[in-house]
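Below, chain A partners chain B and then partners chain C, in two separate complexes.
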Partner chain A sequence: MRGGGWRQVAAVVALLTSQAAQAEPIPTLPPYSGAYQPQGVDERGLWMLVDENERSFRDSTVVINDAPLKAYIQQIMCRMVGAARCQTVRLYIVRDTSFNASMAPNGMMIVHTGLLLRARDEGELAAVLGHEFAHFELRHTLLGFQQGRKAGDIAAWAGVAGAAAWTYGGRNAYDTVRMARSVQNAAIGSTYAHTRNQERQADLLSMAYLRASAYDPHCFPDVWDRLLDKADATAHGRRQRSKRYDRAGFSDNHPTELERTTTLRRLAMAMNKPGEDGKARYDMALAGWRAQWIDDEIKRNDFEGTDYILRQIAGPDWTPDLLFARAELYRTRGHPHDLAAAVGFYRDVVARDPTHAEAYRGLGLAQLRSHDAAGAEALRTYLTMKPAAEDAAMISMLIQ
Partner chain B sequence: MKRTLWLGAILLATAQPALASNTLIAAQAPVAVAKSPMTVTPDREWNKMGARPGRNSESWTIDGDGLNEVTFYGGIEPDRTLFREVNKHSTPLPRFSSTMLLTDIPALFEASYRIALNTPVMKIDTVAPTTFLGHKAVQFAFTYSRVDEEVRRRGDAVAAIIDGKLFMITFDAPDVFYYQRDMAAYRAIVARAVIAR
Partner chain C sequence: MLLRYLAFAVSFALLMMGAQGAWAQEKSGTKPGFVLPRGSAKILLIRPTISVGAQSTGGMFEPNADWTAQARDNIAAALALAQTRLGNQVIVAEEPVGPAAQAMADYRALFSVVADSVMRYQFFPGNRLPSKKRKGVFDWTMGPGGAEIARETGADYALFLSNQDQYGSTGRKILQVFAAFAYVSVKSGEHTGMAGLIDLKTGDLVWLNADMAMGGDVRTPQGAKKRVAQLLEDFPGSTPPATPAAE
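And then the complex of A and B:
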């Protein structure tokens, strides 16, 4: 009878969990009160730490302090989470090629240029920023810290119990030590599981912001889809295994991207809400920045990953600037076939924009490296167009 | 027991290079560097650091490696990185190729620094032709900052490709004080560098 009772409880728990997993309701937006002050010793301590970080971070060399760019990204944030919420955000744009953003418990939001480069439109960026804001609104850092401390206490006390059993022996000492180990593992695992759950909650709340915003909710799964494709391109280029279908491991703090894409796609379809993506505005606002961010990306030595990003940005219409970036990427890797491809791209650039001096430079260097004497002619054209170029003396030496 | 002793001896022998200490380099005496045919004659005393950045390289300093550092690259072979990989799986370093033009060397150096130090704040400031070890060469200046520190660092380098291998000497130091002060000592090393035929 006792065993039967446990089975009933287990069945109820299983039913509840499966229902929760199936339903995954997008939450209604909780009421928001601005000017929140930290409560309790844990939260006040956490804020003190991140306030100190923010003070030193503000003057960092990696932060891009461009008022129009910051204002534009802040506008996207406001369109996404609403005027009241976005007032809390202090935005820092960081020159970093990784696809990332984060928000600290005190309202400091960090957005990497890698995310700005790889998001295709406002909607995709808004979805990711919304996710980070959701972590902030749900006070996940605090809860994660408290959960980690609780799990740490349990693991430590289980260790004490195990050590005591080992020291004082007794008939069941071995079983006690094993159980203590299991408890420790479970406690540590629960911390990672907790973090994965926080990610799911933040995804759902970000969907709730999307529902209330002007943006198309499909932007969210789209951005994850392309993140997976880019990771595959990088892995392929480095002859590594794709991790697309890997399951979340014991110590993973995020659910897998595939799981997120699938869930978010289902939620977006169920929402069935039309919306804008703001692509035209996004392209216009970032036009002056993309060349530098692409250059940063090219210098990361991730040929296929970068080529994927360029193809995504270009779509069917390669502008001369994007073609030039692609040519530089191919010339940088410099395999014989890359150089041939680069020459083709450079020629396309100068055909469409005969004033593009840098393209003549690249064309000449790619040809010289392939032992093509025509390279000297292209380099001479470059020097005629830009006689005061920084590297004029160096280029002159190459063609002597 | 005997086996354990042997194992201990092997471990000790293999651990030796990593534990190798710094060595004083005398002024005005020719010394072969980076296990290579390159020989230099410094005009002042330097400290050769025990830890090598890579297979064919070695570093010297006056006050400490973050303050003033001269690195010798003594014949990097094709398909080799400039220095040891930091994370070969997720951020592999670019590799030298003997088909590279001299203008490709600053770009290779820049990408290697950016990846190894994980910093986007790295820039090649000037590139100019020069002669090094009796060959046509490239001389370039650069600035960078490491992540999580606000120190602006400056550097200078000279590189030549000889028989398909890369020979290079670089100098880097904080822009404040050390770069200006020790630039002359670095230039003296470069000026008197020779390669054995």
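And then the complex of A and C:
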């Protein structure tokens, strides 16, 4: 009977939430006034903290200070949110393999190279950057801070009430303590629920930017689809369970990717707006950077996840560079069968690009490790092509 | 039984709210044999890390821009006064540009890691590294490259300061009183500070003082004097104690 009651409650809740989900409209773009200054004690305090942080962060060695790259990403930002809004953004590209970006309340935007590597085109990157900008425009850090403080206050008072009930006893002490625990749980849970809602709002506002921009709104759900696929690949490689269909837990600060992609796909279809994805421009602008970022990605020790990313970037035609990256990935894991596969990839690379010295190096190393004496020949080729290589001394020791 | 467990859990959660930093006692260390020659040293003050704010009822830090700005001014003034009295010259590091900026950011980050390691692996006796156990040993360095941050200033030493002040809000104080009735201890306010001196010729850390419970209200000039006096307690070469009769 009890279970039946719960089921009814769950059905009502499901109905309510599904109606809420149906009803969410894409907001109209709010008017934007540039050069915003923080208001009130809380906001000024938060700005003070991040301003101080940015002072040293701008000089950090993890920040990639490449003018053309920065200008290009800034350009995407402007195409996405419009010229007035994008002027607020101070962009910092950070060498970090994780798929992430963030924007602080004072206008400092951090974009990880992992996001740049894994976004397929300008539209996908723009959608994520727009989401971060929406957090900024809606002042989510401030509101989250205030909500968290309120919840903390309630939890503290509930704690005192519970402790007092325990100290002074009485007939209802047990109930009071139990209630105090429930209040604390509800207060703590509410902060996570609040951040999940902020994420949904930011997704919606990003859709509003997309509607006003030249980009195809389908790019946004596409990002999450591939994020889910990549997570599945990683889980499979690590013999873990897929979390694709998991619901958001108590302490999750984002809605599930599945929820996001479902909602966004529906909104994009309803919007029915054609747009560009800017893939050609994106590929061209990032061509010089991908090798470094892929190299960083390979070091994550996430074989199947990285392989998924490489396959996504390559599409149907593997360029010698991508093929080389794949060979390096296999050689890095280094099971005997990986080495055999890597040798095949390296051979393909040198067949299509005989000037690729590093491919000869990898080929030689993989062959030597498989007790194939032909490896020495490949390493010799590498040394003739690149006599001043950093590892020349080490390699020549291997072939003596 | 269950009641007991719940009550314990509640009071434990409460205790945890207020009781950070109790393990790190006030401590300072000086490199053996180091004395700051009185009246000759030129000390470069690196931009201090200062944040001042309130502590909410639930124990959250609420940064306050005005208080922080006041503290920044007051501490700088009090520091200049204290050092001039010792005959040393304090120059404030200018905002670097170009590669110098990166070096400065690197060494500020490195200093915070070194200072943190000293506190964690030497000042806390239960957790000392084997190489830090011998009495009187104080052997930490940022490496000789540290001189880069003081290029063309002529400084002999670099002084790093950091301060965090959380003043208990009214709500926090009321909570403290009510909690006391329930025999639960709630801490209101938190005041931590750290000061370290680097010898720019060698990059060695010659003196470090870390205090997890500091006095003096940094929002006022008088309080800042007291704070600086505490921060510079046992400052090498500052005998007798550099306390300029604060308050």
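A few comments on the model shown:
The working rule: the second predicted complex is superposed on the first by the 381 of 400 C-alpha atoms of A that agree within 3 Å, B and C clash if a C-alpha of one lies under 4 Å from a C-alpha of the other, contacts with A are read in each partner's own complex, and residues count from 1 in each chain.
Simple rule for what comes next: a contact is a pair of C-beta atoms (placed from the backbone, for glycine too) under 8 Å apart; a residue touches a chain by one contact, two chains touch by 3 or more.
Predicted model only: the values in this text are computed from it and were never measured.
Look at A:88: by the touch rule set out above, it reaches neither chain B nor chain C.
Of the two partner chains, chain B is the only one that A:240 touches; chain C does not reach it.
Which of chain B and chain C touches more residues of chain A is settled by the count: it is C.
Of the two partner chains, both chain B and chain C are touched by A:60. In the superposition on chain A, contact of A:173 is made with chain C only, not with chain B. In the superposition on chain A, no contact is made by A:381 with either chain B or chain C.
In the superposed model, A:52 lies in contact with chain C only, and not with chain B. Judged by the touch definition given at the top, the superposed model places A:296 against chain B, while chain C stays out of reach.
59-61 are the residues of chain A that lie in the contact sets of both chain B and chain C, per the superposition on chain A. Per the touch definition, chain C reaches chain A in the complex via residues 2-3, 6-7, 9-11, 13-14, 17, 47, 49, 51, 53, 56-60, 62-66, 68, 101-102, 104-106, 108-109, 171, 175, 178-179, 181-184, 186.
Per the touch definition, chain A reaches chain B in the complex via residues 59-62, 95-97, 238, 240, 296, 299-301, 332, 334, 365, 368-369, 390-391, 393-398. Partner chain A is touched in their complex by these residues of chain B: 89, 91-94, 97, 99-104, 107, 110-111, 114-115, 119-121, 126-129, 136, 138, 145, 147, 150, 152. Taken together, the chain A residues at the contact with chain C in this complex read 38, 41-42, 44-49, 52, 55-56, 58-61, 148-149, 151-157, 159-160, 162-168, 173-174, 177-178, 180-181, 184.
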